[in-house]
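Note that subunit A is present in both complexes that follow, paired respectively with subunit B and with subunit C.
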Partner chain A sequence: MGHGPEQVISSDQIKRRGGLMFAALIRLGQAALTALAACVIVFALLPLAPGDPANRVLLARGVETPTPAEIEATRVELGLYDPMPVQFINWLGNVMQGDFGLSFTSQASVTQEILERLPATLILLGLALGFSIVFSLSFALIAAGFRDRWPDHLIRIYTQIGAAFPTFVFALLALTFLIVGFQMGQVLADVTWQAALIPAFIIGLDRAASWTQLLRAGLLQAMASGYADVARTRGASEGRILLRHALPNAILPFLTAIGVSIGALIGGAPLIEAIFTWPGLGAYVLEALSARNYPVIQAYVLIAALSYVAAALLVDLAAILLDPRLRDPSK
Partner chain B sequence: MTSLAKPALSCSGLSVRYPNGSMPVRNVSFSVAAGECFALLGGSGTGKSTIARALLGLHGGGSRIGGSLQLDGVDMAQASKADWRRIRGHKIGFVAQNPWVSCDPLRPVGDHVAEAWRCHGLPVRWAEIVARLDRLGVPEAAVRIHAPPHTWSGGMLQRAAISAATALTPPILVADEPTSALDADRAQSVIQALKSAGSAILLISHDIDLVLRNADRIGVLDQGELVEVATPSDLRSRPRHPATKRLLAALAPLPPRRKATSPSPLIRLEAAGVSYKRGRIQALPATNLSIGAGEIVGLQGPSGSGKSTLLRLVMGLETPSTGTIWRDPILQRPGAILPVFQGPLASLVPHWPIWRSISEPLTARGQPRLSKQQLKARAAEAMQSVGLELVDPHARPAELSLGQCQRVAIARATITRPALIVADEPTSALDSPSIQHVSTLLRQAADHGAALLVVSHDQGLLARLADRTVTLDAKNLQATTSGHTQD
Partner chain C sequence: MTTSFTLTRPAPLPRQVPRRLLAKLWHHRSGRLGLILGLALCLFAMVGAVWTPADPNQPNYINALKPPQLAHPFGTDATGRDMFSRSLDAAHRSLGAATLVLAAVFVIGLLIGTTAGLLGGVVDTVLMRTADIAMTLPGLVLAFAVLGILGPGFLNLLLALIIADWAWYARLARSLSLNARHQPHVIAARLAGVPNWRIICGHILPDVALQLGIVASLALGGMIGAISGFSFLGLGVQPPHAEWGAMLSEARLYFTVALWLLIAPAGLIFLSVLSANLIGNALRDVAGAKDEQS
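After this line comes the complex of A and B, so read on.
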């Protein structure tokens, strides 16, 4: 970026800066509403589930044949006679303080149990996300820069294969050859960054396939656009056009795709962790699902939903920072 | 204008051969002297844009350039990509057709201009950028260069593009239809800005009116060959080649109206206006308009003045928020109002044979049921009436020229003899001969009794075609009517 001329701030510009704040506030408000809606749905899992919650809680506490008095006492204790909105607000208040209640199966605090397992999942997913962003960005730029030459052909074969097969195929291959065959990494993994490398690499490589396709297509479209052509007539090199003009214009759909798949990534974590025997939340959540351990399921679904909302918000904010048309109040 | 110095640009025997062996440009020779404005004039498909791309070295990897192409005395016909990159901007500048398309939408306009220096690794002189924009007629340039392209008007943005193209003072500036995306009243001032920028100009256009007014010399292209070079006055008074004569025919007045217009209106808008979001967004201010049978009403106004909304009101696709619309009962039957759109190709179903598009209005509710053979026969009749009798009715729209596609659209719009035809910029995508053809056809439809509402930014067209013209003004939010004297 060169130095601009002396900064003259006109009322026009102030309005535009106001436009940025306004657009950002709108997105924030929308995100808050989405988060609230997610909370309502997650809360509704419990009262909408079949059977008497009091019975289930008592069963979880080891009371197999409770007396009517015991059931009555538990109902009062759980606040089941309160109107639904009051129950929701109580529940939401607890959740905001990090209290998801007691696990139906272990009687331990759900929050405590999740916090023990969360770091492992975060390490794996974070590393996988990082890998996939780096892979897709570099592959797409290489493919677009070498359009219709061998690097492009190679990358397109990779994206086809990656998009065609589900992750676990590659995971199994990696397990068989890399980890068992060549003794790289561990079968029963400890939670360390090193141990997460190979699984994250595989997940990242797989995720990156469709993102590479998306970004490559966007880059090629931008390279064929009028502004790219005009930049050529000014004497700009292809590389300069690719990085300065095509990439910023093509990156928004790419960021949106990443934002959308964050929720899917967390939702799909149990499967991935099961393959690599990764001691994260996966096994815990699978177990909770089969035991209908609602407080655990609620906590996990809420984490996935809120991560999605946060990611979508970040993508939206990036979009209005990047594209002046999106913060123009007249549009 | 003569100059003893070497020409800014000279081609001799220039040809372009595509990988498939076809030659869209053959044996073209001309030169542009320093300070001269030389125009290449031709209809669509005559090789204008191919020449422009070849002159900039953007002819594409597979294409081959033959002959010689000298820029400022250096032969570039066989130059490498790296050679081309060095001389672009320095020896030759380019102004594209649509200023919004040619600016990166994410970057402020100042960046777009500064790129001219930056991509050659030169320091950006902001004070000079502002001063040059100021000279080209951009007010408050110092502030405006921080704004993104979508906030600029077309005329202003095209000035910025001119400033960027001439930043390194190239001896020659290639301008490919630089005004066809602009409103007519802004086009002339942009041409003035182009000429004042200091380079010799190669103006590429299909608009014979524009070229006659502005060029020092004109070269007429026909089927990839340069068939005639003359000064504007010679071209006008003594055209030699048939292609030139065809282009000049576009300036000829249309035949006089055959039928007097009926005094009783077919549709009448009384203070009809449209607003959205509870009146906060006004799409169309209260407007009075009445159209009688057989009458041609022109409609013009800057973008955003409500032209499209008014069309939608007339077609019944929108209801007025204020005021009333009275329609003759004849307009209630299906197919009584038919449209002709701006993009002829986009308005035809791509995989349908054209006979099916043309005869589609005959299949509307209320029409007698016809067999496929009957529909084809009616379509063939309609094609004859628009001069397409030599075109295969089974052809797909992509096999036709744009002008032919628009004639197909007109055949479709007239096949049921509708009471009202609504045409939205029907000629803006067409070259001069096609414009003449299409306006003659629209005039014929009116002579047969149809009422016509024609939106166009081409004032010359409206003056020739319409009985009167309504102007929507964005500032005054008022519709004013002016009549054309035609006898």
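After this line comes the complex of A and C, so read on.
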């Protein structure tokens, strides 16, 4: 690439910069559209639910047999007589200002209640994500470096076992083992970083299994490729090929898997928090789900959808930045 | 691959595979293990659907929390119900539900995806935009949302999982059917004057179905986990009916005194997902399926 005259190179660079910006902008527009679609779905939850929304709101507030006047008042209060698009825009306007309405059960602001519980969930899921990235990166590199020797066999057994345990079953068994075997029940008392360490370690260990599998396969494929052979003929050590050639090439699908799994992680939060009796967003939603507390469910689904969209966007932007082949929008 | 330069033969064409798929699976080392395990679990579930040694839902408080013994191989739970009978009874719910959801998603995805891919035009746009909207939410979150609307319950859970997953299969089926249209044997058939419906039924649908089926089989393990997870939370199978996830949830209050209550359901979930994973991975190997193509 560096052989042409100076001018050609610079204009080529400008074109590549343009391609980069263009691809990034297109991806950004897609993300905005996706977020809007998510908002439509979340809004539609309330009208889609069977029965009269006013009745359900009253029931959730504890009014078992409402009078027609009460129903009428609730309908006006909820704006149910407005046309659907107007209702949607009103709702969206409120949501954009961070207002998800009042909780049916406690009559308190849903946003407030969520903000109280969000830190606990972020601490747990963030730590778990960190653990699983560290585990899968190191396990996959070790396995690929020691291919078909005992560390590789050991790690492959771990990935098979880890993939065969749904996260909640693994977490339940690990927790039981810790509490029964080591009397560590007291450690998991309140919401601190230290208390989150053990649950996050357990979740991370389970989630890392499938990522290790993915990254190991990618690394091995790259190690067997033509450019790895070229590096070998030029005297590069296997370790250097693994770290400098195979890893950068195998990392993209790995990043994508991590981005996608953010959605699964948030979606799995109710289950994980139920197991560790962790007072976060997931536990809150679970409570809301059995009480049919729709504003809370809506808020959770929207937060989950938006973080999913944001994570996918970040990963894709990183991929565009890392891999020039993705910059051509025509492909 | 230890030698540096080896000539690689082109992968065999996936067309020749379907007829001998089971035989090839049997000769695949981990595939055979998965098949044996899977067959054993299917048998277990089928027996459990029609017969159990004791009534799985009848409490018997005198027998409460008995450790495993000859009369109760898996012990008894806090209300004295035989854990073996409950595990046996639960199998067809846990495994059947996962299979049912994936079969439904497979059929819906195949129909919608191939329709969109083969008809094109407005139909394609409408169907795929709908799918795109359904795919904006992560599957588990969408399932939670649908359960939030419909309320907890086993059938509602199945419906929620189908709603959460169909779009992914429809998208994949569409891109596979577009690929299949440009396969040499399809073009040859068209040149030979084979009518359109025969090309679709005889060539394109089987191709797409095979690839889509492999993807669905790879998802079976995750689906078993999802169903038992939702039931663990009390959102799926309702008491007194047994389901492995729900049994774990009942057991966790007593795990300090009765560890066996955890072992049986957790072990069965583990073995089921393991078997599904082994079969799925072996299937992907022997069918020579391409990895995800976006």
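Here is the rule we go by: the second predicted complex is superposed on the first by the 304 of 331 C-alpha atoms of A that agree within 3 Å, B and C clash if a C-alpha of one lies under 4 Å from a C-alpha of the other, contacts with A are read in each partner's own complex, and residues count from 1 in each chain.
Just so we're on the same page, contacts are C-beta pairs under 8 Å (C-beta built on N, C-alpha and C of every residue); 3 or more make two chains touch, one makes a residue touch a chain.
Here the structure is a predicted model, which means the values were calculated and not measured.
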- Query: Now for A:324: first (subunit B), second (subunit C), both, or neither, which partner does it touch?
  - Reply: first
Report task. Using the touch definition from the top, say if A:37 reaches subunit B (first), subunit C (second), both or neither. Result -> second
Margin query: On the A-aligned overlay, A:309 touches which partner chain: subunit B = first, subunit C = second, or both, or neither?
Written below: second
Checklist line | Which of subunit B and subunit C A:232 touches, first, second, both or neither | finding: both
In the superposed arrangement, does A:47 touch subunit B (first), subunit C (second), both or neither? neither
*Please work out whether A:224 is in contact with subunit B alone, subunit C alone, both, or neither, and reply first, second, both or neither.*
second
Based on the superposed arrangement, let me know which partner A:240 touches: subunit B (first), subunit C (second), both, or neither? first
*asked:* Just to be sure I read the superposition right, which of the two partners does A:168 touch: subunit B = first, subunit C = second, or both, or neither?
replied: second
Chosen between subunit B and subunit C, the partner touching more subunit A residues is C
In subunit A, both subunit B and subunit C touch residues 229, 232-233
Contacts from subunit A onto subunit C in the complex sit at residues 34-35, 37-38, 40-42, 45, 48-50, 160-161, 163-169, 172-173, 176, 179-180, 223-224, 229, 232-233, 263-264, 266-268, 270-271, 274, 285-286, 288-290, 292, 294, 297, 300-301, 304-305, 308-309
In the complex, subunit B touches subunit A at residues 56, 58, 85-90, 92-94, 96, 98, 101-108, 110, 114-116, 118-120, 123-124, 126-127, 129-130, 140, 142-143, 145-148, 150-151, 161, 164-165
Touching subunit A in the complex, subunit C uses residues 1, 4-5, 132-133, 136-145, 147-152, 221-222, 224-226, 228-229, 232-235, 245, 248, 252, 255-256, 259, 262, 266, 269-271, 273-274, 277
Touching subunit B in the complex, subunit A uses residues 2-6, 8, 10, 12-13, 16, 225-227, 229-237, 240, 245, 248-249, 322-325, 328, 331
